[in-house]
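Reviewing the structure listed below.
Letters are used for the chains, namely A, B, C and D, taken in the order the chains are written, and counting of residues starts over at 1 for each.
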Amino acid sequence: MEILAAILTQALHLALVLAAAPLVVGGTRWLKARMMGRTGAPPLQPLWDLLKLLRKRPVLAENASWISRAAPYAGATAALAALALVPSFSRGMAFAPLADLVLIAGLLAAGRVALALAGMDVGTAFGGLGAAREMSFAALAEPALLLVALVLAMLAGSTGLEAIGTLFQDGSLGLRVSLGLALVALLAVALAENGRIPVDNPATHLELTMVHEAMVLEASGRHLALWEAAAALRLTLWLALLAAIFFPFGTAPVGFAPLGWLVGLLAWGAKMAVLCLALAGLESAIAKMRVFRVPEFLGTALLLGLLAALLLFLSTRLA
Amino acid sequence: MTFGSTGYDIAHLLGGGILLLSFVLLYQRRLDAVINAFAVQGGLLAAAAAWQAHLQSEPGLYVTALLAFGAKALLIPLALRLLLRRLGLHRTVETALGIGPSLLAAAALVGLAVMVVLPVTAGQAQALTRENLALALSVVLLGMLMMIARRNAISQVIGLLSLENGLVLAAIGVQGMPLVVELSTAALVLMLALVAGIVVFLLRDRMATLDTGLLDRQRGEGPP
Amino acid sequence: MADFFPLPWLIVFLPWAGAVVLALLAPGGRWPPLVNCGVSAASAALALGLLAAPEGVQGWTRVDGVNQPLVALGGIIGLATALFSAATVEAERFDGLRARAYHAAFQIFMGAQFLALLSDNLGVMWVAIEIATLASVLMVAVHGTPAAIEAAWKFFVLCGVGIALALFGTILLYLAAQPLVGHGDPGLSWAALRLVADRCDPGILSLAFVFLMVGYGTKAGLVPLHGWLPDAEAEGPLPISAVLSGLLLNAALVAVLRAKAIVGINPGALEPGPLLLGFGLASLLLASLALWRRRDARRLFAWSSIEHMGLSAIAFGLGAHVAGMLHLMGHSLVKSAVFFGIGAAAQLKGSQKISDIGGLAGSHPALGWGLALGIAGLAGLPPFSLFVSEFRLVTAAAAAQPWLLLPLGLGLLLAGAALVRVMQSLCLGPATPDAPVAGAFARPGGLWWASGPVWALLALSVLLGFALPAWFAALLGDAARLLG
Amino acid sequence: MAQPPAAPFCRPARASILGGSDPLRSPAVLTALILTLAGLGLLALLAVPMARAPRVWIGDSAGPWAGLVVHGGCLLAAAVMAGCGLAVLGGAAVAPQPLPIGVTALVAVDALSAWFLVLLGLAAACSALFGLAHARDAAPRLLVAYPLFLAGMLLALIAADGFVLVLGFEAMSIASWVLVAADHQSPEARHAARRYLAFAVFSGICLVPAIGLLAASSGDLSFAAIRTAPPQGFVAAAVLALVVAGAGAKAGLVPLHGWLPLAHPAAPSHVSALMSGAMTKVAIYVLARLLLDLSGPAQPLWWGVPLLVLGAASAVLGALRANLETDTKTLLACSTIENVGLICIGLGLAACFRAADLGVLAGLAAGAALLHALNHALFKSLLFLGLGEVARGAASRQLDRLGGLIHAMPWTAGAVLVGAAAAASLPPLSGFASEWLLIQAMLAAWRVGDLAFQVLGVAVVAAAALAAALAAAAMVRLFGLVFLGRPRTPRAAGAVEGRGAARLALLLPAGLTLLFGLLPGPLLALAEGAVQLLVPHGMVERGSLAMIRVGDGGARIMPLAIALLLAVAGALVWWLVRRRAPAGVARAAAWDCGFMAPPQHLPFGDPVTQPSAAGFGQPLRRMLGGSLLAAHESVTMPAPGDPGPARVESGFADPSERWLLAPLARLRDALAARAEALRDLPLTATLMLPFGTLVALLALAAWLEAG
């Protein structure tokens, strides 16, 4: 029974996130447009875009290799696999034992590498530029992420998402400064990983400061669709991760509990909506940074993570 | 045999004379005077050896005395004079260290020799031996000093030979020194002189000087 | 029967007889080098035969674990040197008198160094070392160039002084022993002196050791008594460097050790170990620094001899006698090989400047790689016996005096790095142009006269390090017992 | 009290998943290894005659049979090593036996040796296969040195006393020096070889005293005797410093890594593979053996701190340099520094956890370090061999002269992609599995109660994560610039790929890298004996086929499940796309944001419009290079109206060069100059020295007598 429930929740979760990903992107865009006083495209526009792209036959550069053809699948697979691990409405999904922050970081890195390689495959100036920047920014984002994982692992005794989520759901932790710092650090990492303002502008094309778009310039048709989908999945992943770690309320417990699932689903939708709103608000409030200011931004995140860990040491010592 | 007895006094006198001549060697500037002083030192050494032979009733030491007289008082000085004449050397000695300072240093060295030998040999009953040893060490050290203070090749050879005189002085002062040592010392002094002569000849031949200070320029690997 | 067979004297007088023959033989032609080789081969055979002789004292000579290995080594190196000399003597361009003097002096030297090792009587030992010195002075001066004369003069003056001081020390030793052993020869017998040493006057023993140390130490090339060594080894005929570095230094150091073995027994006397240690450290450190500034290849390896003598002195000073003996022997083998290699290179390139010799491994592979391996061996790298002895030395130092590891390590590192640098500059890279001295390696066989001895000595050194037969190891153990 | 009789069905203590093998077979293992040693020595002895002989008999067209024999023999030796290692890991340790030579020399194989033997065997097999494929290129001296290099490493690994350990270590160094100096006509290679050998001398000079100090109290060099009398107090501190300096220099630990980026690229590719893959691991083995095993478990907390700190520094510096280097093999060498740093972090953590009585975590850290050593050995061999194939096929090692090789060298590209992904620690490859374990160990560092250590632990976590991400960037840069894009030179456009054994030499490590990524559990179980030696009271989290569980909090890694997850997600993506999208692709000229198509005379486009090696490294050079590597950049713009090109100059300086080696060289030169003043004396002064010595000693004697 348990196993069946696990497989069922996992399948439902996969379907849910696949459906939600375009909506999250579209919703954020729409919210941002509203905040800026524009009407904005409907929230489902990314989904229509994806479907339209899928129907087109991709055009590959003459010297493109199999990397260009395989990387989109790899990127989307990595993003989807990572997202499959982050609980949405219920715990105890089939792959939950795998759900581990370090593994998620690894999967994200795999997706990133696939993207960077695809960007370099044709040998254009922009592709290489984007790949170099993407990999370099990740170099600073990853330590910050790991420090946040350290803080969480100190509290939960494990980097497993289940354990962390359970701990926060108890509420026994109370409010801690270190957790606040960790949250901020994780937010900064999330912004950088998803190419959001202030690190990158997801809405631009053909600008020397862009990162993500530079790598997919040569992609078209279903390949472009896969890259767009991967980006959407990644954004969903990060928001879901923030929700699963810091706001785990309402998530259904392990086991077969349709009612709990429904409550969890609603709670998750609400959480995601709030996070999208926050993201849109943030993006309309601040401007994009110059590319070489980004290290400072990520360095600050790293510092916050460090500070969080130190504070936690002190508090465990005093307690 | 202690202080006051004739045997001791004469031995003391001869030893002292040898040491005094070492000072003379250091003091002299002119080469022929140095050779003269060296010859006198050799003669005194022979006398000391003969006196010891008499005191110790060791006939072997007479041989030593004879050898010392023959080699150091006659043969080597003669050879050196011959060399001087053959080479037509100018007669003053190139010094590396001034006469005054070298005499001061010499006095200090004698002091050191006495300070080293007398307490060290305190266990030995023979006052004469202790005395002799102190004198011999002084002569040895002065010989070395002379080699350092003079730059002329012949003076350096004489310094070395005078150093050997000190050795002989030490050897004869010790009761029953095996003959092998004394014979070989004497023979080797001759060989030393011979080899020195060959090298000096080469030196003169190739470089037209006996000033070994000039040799420093000939070191195979000078400063870059 | 065997007890009366005067093998030690035979070993001494065979080369001397050879010297007489060589002095009389008409110079020029092919005979003198061949006779030289023949005499050396016979001496080597006798010297190896000595390994089978029982330990004991015969009159003025003795056979024991200290000198048996060293005499055998001397025979081997003498033979290798004679072979190498046969190939290179042509290019030295001696006139008749010099050729006679050179060969005769070489054999006189060989006999004298055998005698120095074999003598039980300290007076005889002193005489032998003096003869060896004088013979080598002649060999160094034989070329008569200004640099050679300078080297010979320095050698003569310094070693003359040293030998005189050693005699003074010998006399003092006798003085100390004389009240106990009586007059005459026994007072200078090493065996007799060892028996009575603990009852001798410690003050005189200390004084004697000071003189013996400074005297024989000068011959052993220990800093600060080393002034003669680099120039003498660099300016003589090529083969002489090998015997000077490989044999004379050993004989002198053994003389110091014999003195140490006597003085060390008396608890009241000056402790000889720390003194030796101090000289060793000074040699190691100064030589390892001096190696960095050498531009003349043979001088460089002469400095490396000073370094290795220092290491041996440290080993003996620490009481690691087996390591010290191994190091002495290993150094002789490897250093002779290196001197042969560099000598051959100097004749091929017409210069002994490091900058003029380069790329030997490319142009003359057998010689170049042999030289490279030899220099690596001098830097303490395996598979040569110097690695084994340095390993034992350093572990002994770690056990006895841990503070010693710092200067020791520093010296070894500096020296090793300097040798590596020179080795690469000599052996690797593009080859410098050959400018052979006339007559160099003109004999049939050519360069193999040099590379053959190089590889043979290197192979022996490997065997010494890693394939030591048990009885030979037992000999070294005896030596350690005797010297301890 | 009598021992209770062992139950008949009881397995040997170290039985593992391979099942306890017959203990009687164990001496056979040692015999086989000694025979292997002898065989390798024989190969070296015969190499020159073999290489010369056919020239004599058949002339120059003799072909590469000397190379074939030597490399074939080495392949066999590698197989024996790996087999013996596995046999011991699956069975019992072999008791020490003397080597049949003239000096006392003990050899033995225990689980730790066996683990590294397997590693060495696998790396050597790949390297020998590659050598076999390119046997024609080998010069005789390389054929001499190659088997000796293997023999040296083997000897160091099976040593059971300090002497053999140092002997093998140094033999390995000097044999590999010959290999590094292979191309000695070029000044760079000579410089590399010189520095390499000087560092080897340094290693020896540090290790011998360390062993001396370890053996000082027992007076016996054998490991068994040393274990009974572990060092204490200042001796222990000295041992730690000496071993970290000596073995660390060989492993390439910062700040003693100055030789590594020079020497590894200078050797032939299959030797570079062996040096990076296996030789640095032998150094790691020595570190582990001396510091964790022989020094005993009772060492204090600071015992692991030097390894931790230097490991973290190496990881970051190596990975960053890998992003700036422009030579492919130098880049890989820098990545080796990074991985060595990570392994040392693991060992350091194991020592610290052990001191804090955290046995489980100590076991985890040690196991992770061992596993990463094995994985790195394979994927780094793979990368070096792959790039060696590129250097042969495209005749260059410079990133700026390659490009687009994925078309001409598909097999090589595929294999290198696997290796690069493992080096970038991407799941599900082997690099990820071991780094996951390492990171779990680091994340638990706070459990050691000491606040200073906790802070250090946080810094180490940040450094390791930074290093991992930097390594990913470096690998993308490597693969992207070499295999992707367009050829940057005509030569690169005409590259050809090796076949046969060369291909096998790449596929073997690539396959093992994939396999080990899926099977870290069984591997960890295999390493259990080795971990027990390093951390006696540590309990290893038993890895099973499916899962490795870590600590009490329930973190775990399930590689097979990860593979399943990826398969499910991949299938889902595939299915979703296939349902709607048309099959096939159209080809057209690259869009490149609408840039012009290249002119006729540049069939592959203007190489300048592609990212260059320096350009790809620019973000990291600006972000981190300035502070860590003293990187600089200057742009020279032509004057207005001048048609000349603008120039960008960039470069960096390794801090070890600037802060350690250069000052030391200056100090050495100053001292040597001083010493020269003492040496370069005129005759009288030369005479003065012994005279002064005599007078001083006489005064000393007088003073002693008076006192």
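Just so it is clear, a residue touches a chain if its C-beta (ideal position, glycine included) is under 8 Å from a C-beta of that chain, and two chains touch if they have at least 3 such contacts.
The shown structure was predicted, so the numbers you read here are calculated from the model rather than taken from an experiment.
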**Fill in**
Nearest to the mean of all protein Cα atoms is the Cα centre of chain D
**Request:** Express in whole angstrom the distance between the two chain centres, defined as the mean CA positions of subunit C and subunit D.
**Result:** 43
**Intercentroid distance (Cα basis), subunit C paired with subunit A, Å** = 76
**Asked** With chain centres defined as C-alpha means, what is the inter-centre distance between subunit B and subunit C in Å?
**Response** 30
**Item:** Inter-chain centre distance, subunit A versus subunit D - centres from mean C-alpha coordinates, in Å
**Value:** 35
**Prompt:** Residue numbers in subunit D touching 2 or more other chains?
**Reply:** 676, 683, 687, 691, 694, 698, 701, 705
**Asked** What are the residue numbers in subunit B that touch two or more other chains?
**Response** 116, 119-120, 144, 147, 212, 215-216, 219
**Prompt:** Can you name every pair of chains that touch?
**Reply:** A-D, B-C, B-D, C-D
**Prompt:** Mind pulling up the subunit A residues that touch subunit D in the complex?
**Reply:** 14, 18, 51, 54-55, 57-67, 69, 73, 76-78, 80-81, 84-85, 95, 97-98, 100, 102-103, 106-107, 109-110, 112-113, 116-117, 120-129, 131-133, 135-143, 145-147, 149-150, 153-154, 156-160, 162-163, 206, 217-218, 221-222, 225-226, 291-292, 295, 302, 305-306, 309-310, 313, 317
**subunit D - residues contacting subunit C, complex** = 101-103, 141, 162-163, 166-167, 170-171, 173-174, 177, 181, 184-185, 187, 190, 193-194, 197-198, 200-202, 204-206, 208-209, 211-213, 215-216, 219, 221, 235, 238, 668-669, 671-676, 678-679, 681, 683, 686-687, 689-694, 697-698, 700-701, 704-705
**Prompt:** Can you name the residues of subunit C that touch subunit B in the complex?
**Reply:** 121, 123-124, 126-127, 130, 134, 137-138, 141, 144-147, 149-154, 156-157, 160-161, 164-165, 167-168, 170-172, 174-175, 178-179, 182-185, 187-188, 201, 203-204, 206-207, 231, 234-235, 294-296, 299
**Request:** Note which residues of subunit B are touching subunit D in the complex, please.
**Result:** 96, 109, 112-113, 115-116, 119-120, 141, 144-145, 147-149, 151, 212-213, 215-216, 219, 222-223
**Fill in**
Given the complex, residues on subunit C that touch subunit D span 153-154, 157-158, 161-162, 165, 203, 206-207, 210-211, 213-214, 218, 224-225, 227-228, 270, 275, 286, 289-290, 292-293, 361-362, 365, 369, 376, 379-383, 387-388, 390-391, 394-399, 402, 405, 408-409, 412-414, 416-417, 420-421, 424, 428-430, 463, 465-469, 473
